[in-house]
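Labels for the chains are A, B, C and D, by order of writing; each one numbers its residues from 1.
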Amino acid sequence: MTTRHTDDLPDPGHRIAASFAKQGLMATLGAELGDVSPGAVEIVLRPRAAVSQQHGFVHAGALSAIADTAAGYAALSVMPADSGVLTTEFKINLLAPATGELIRARGRVVKAGRTLIFAQTDILAESEGRERLVAYLTATLMVIAGRDGISD
Amino acid sequence: MTTRHTDDLPDPGHRIAASFAKQGLMATLGAELGDVSPGAVEIVLRPRAAVSQQHGFVHAGALSAIADTAAGYAALSVMPADSGVLTTEFKINLLAPATGELIRARGRVVKAGRTLIFAQTDILAESEGRERLVAYLTATLMVIAGRDGISD
Amino acid sequence: MTTRHTDDLPDPGHRIAASFAKQGLMATLGAELGDVSPGAVEIVLRPRAAVSQQHGFVHAGALSAIADTAAGYAALSVMPADSGVLTTEFKINLLAPATGELIRARGRVVKAGRTLIFAQTDILAESEGRERLVAYLTATLMVIAGRDGISD
Amino acid sequence: MTTRHTDDLPDPGHRIAASFAKQGLMATLGAELGDVSPGAVEIVLRPRAAVSQQHGFVHAGALSAIADTAAGYAALSVMPADSGVLTTEFKINLLAPATGELIRARGRVVKAGRTLIFAQTDILAESEGRERLVAYLTATLMVIAGRDGISD
């Protein structure tokens, strides 16, 4: 008799929080891990001079960093425990200047294959209780399997 | 008689150095401005824990930040003095883990239109005197004209 | 008193059907215009040898053609009557082999600016009453205003 | 003694010509295979109403079709004989209206990995003996190995 254990996949919350803590760039930017559920991960960032471009908006590179991380961990959250994740490509469209009190990058898996996972991240700026879509990212993530010591 | 003044365009070196100094993110990442010439700009970054992802490689977001900046300033270097630059979109392909002693992002203008400029950035990792291509970015930059106080 | 006339914008159905009929490529591919509403346009294509790649699947180029057209007309459907539309860039991710009885490209406007419009198209394959997502396109469309004779 | 046989790889010319002939879409568009060498493939297309968009330019979808095919076959030309090629994603930037006597899509491999190959295609319009760059494509191609009967 075979039984499918729903815990074949590790708890995405612990796995992703542990991996997030290893990302030096996230600490450098002051980004924080938000909600995590299977197939969906949120990263938040507070706009300030330390992450700005020349006009004072949040830099496209900082938006990309949190949006790519959100997409990557959304993908990792649906991978087996002995797999790691690498980004192979992403495109980001900048739709409006990123300003406000908080930036939220909400990544979600759109299609999971065995080797490649396709994910999409909405980047939202929160200001006076209102959310605006300021950027949109699509990414291809690769499943890294069978590499000693790589499980994130 | 008509005379073409080569100084119709501001000196790209001064303009871009002044703008680069206003980008809080570049200081936060420890990125530095390299060679600047009309239509081509280089940004360099030293790999270290502060810009890493979970496996210790340079984070795709940090690569994107310097490659987007190199593309944007390459575009700005061919724009009139009263114009500013905004990125509308970019795609980055990650070709190999970014490790080594130094990362160089070399941006260049491929095609300059009146409203949109298309640029491409090679991201190279230098290690023991050897350069490897680790990522490739293409970007669309927008010319921002007639906005008070925006000239970068 | 001000009155917003909903007919400030031309009827998207007529405008888009007339423009679609001028696209030689759509006739060559055998593509047809589906549902049209403000901000959303569908194009359909029947898989067959004439639009195949070497393994018999629908060619990525044929998928791109209908998905770009769906995105472009979704954008046109929210533009003033004297404007035309041009694609400035798109990315397509191929998620599964495109086979089946019918391919539907469903484009929708995500964010409309004055000069640039960002749109997204789902490409779905219909087979035995089931729909699968086989590709995903994001596009930037440009509003072309003030060019004599261009209104599509 | 070990001998490296240069014929470990099949003659790219025959392999690609045979595969190109199986692509129904290329015949439908009237596209033709041009120069083929290891890592580089050219496809040509004659602008005419049958491949046009609504303003009479060559449709972005037709440009994408030949540029993706050029990138894909450039990748196939450096793959082992028992492998096939699939596109996983591409981005195309449209830089100028595609008009003229002939369109040439020149694809080349930028970086070849074991599973993924990154390629770039210039799309040039030839008119009165002059060539202009009208579009620029970057693509990720996947190596399909060990599938019975797939060698292109």
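To be clear about the criterion, a contact is a pair of C-beta atoms (placed from the backbone, for glycine too) under 8 Å apart; a residue touches a chain by one contact, two chains touch by 3 or more.
For reference, the UniProt names are A, B, C, D = Medium/long-chain acyl-CoA thioesterase YigI.
Here the structure is a predicted model, which is why all the values come from computation and not from measurement.
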item: Most widely separated chain from subunit D, with each centre as the mean of CA atoms; value: A
item: Between B-D and B-C, the pair with more C-beta contacts; value: B-D
item: Centre-of-Cα separation between subunit D and subunit B, whole angstrom; value: 29
item: Centre-of-Cα separation between subunit B and subunit A, whole angstrom; value: 24
item: Whole-Å gap separating subunit B and subunit C, where each centre is the average of the chain's CA atoms; value: 33
item: Multi-chain contact residues (two or more partners), subunit B; value: 88-89, 91, 93, 140
item: Chain contact graph, described as a line, ring, star, complete graph or other shape; value: complete
item: Complex interface listing, subunit D residues touching subunit C; value: 19-20, 22-25, 27-29, 48-55, 59-62, 64-66, 68-69, 84, 86-94, 150, 152
item: List of subunit A residues in touch with subunit D within their complex; value: 88-89, 91, 115-116, 140, 142
item: Subunit D residues within the subunit B interface of the complex; value: 91, 93, 95-96, 110-111, 113, 118, 120, 133, 136, 138, 140
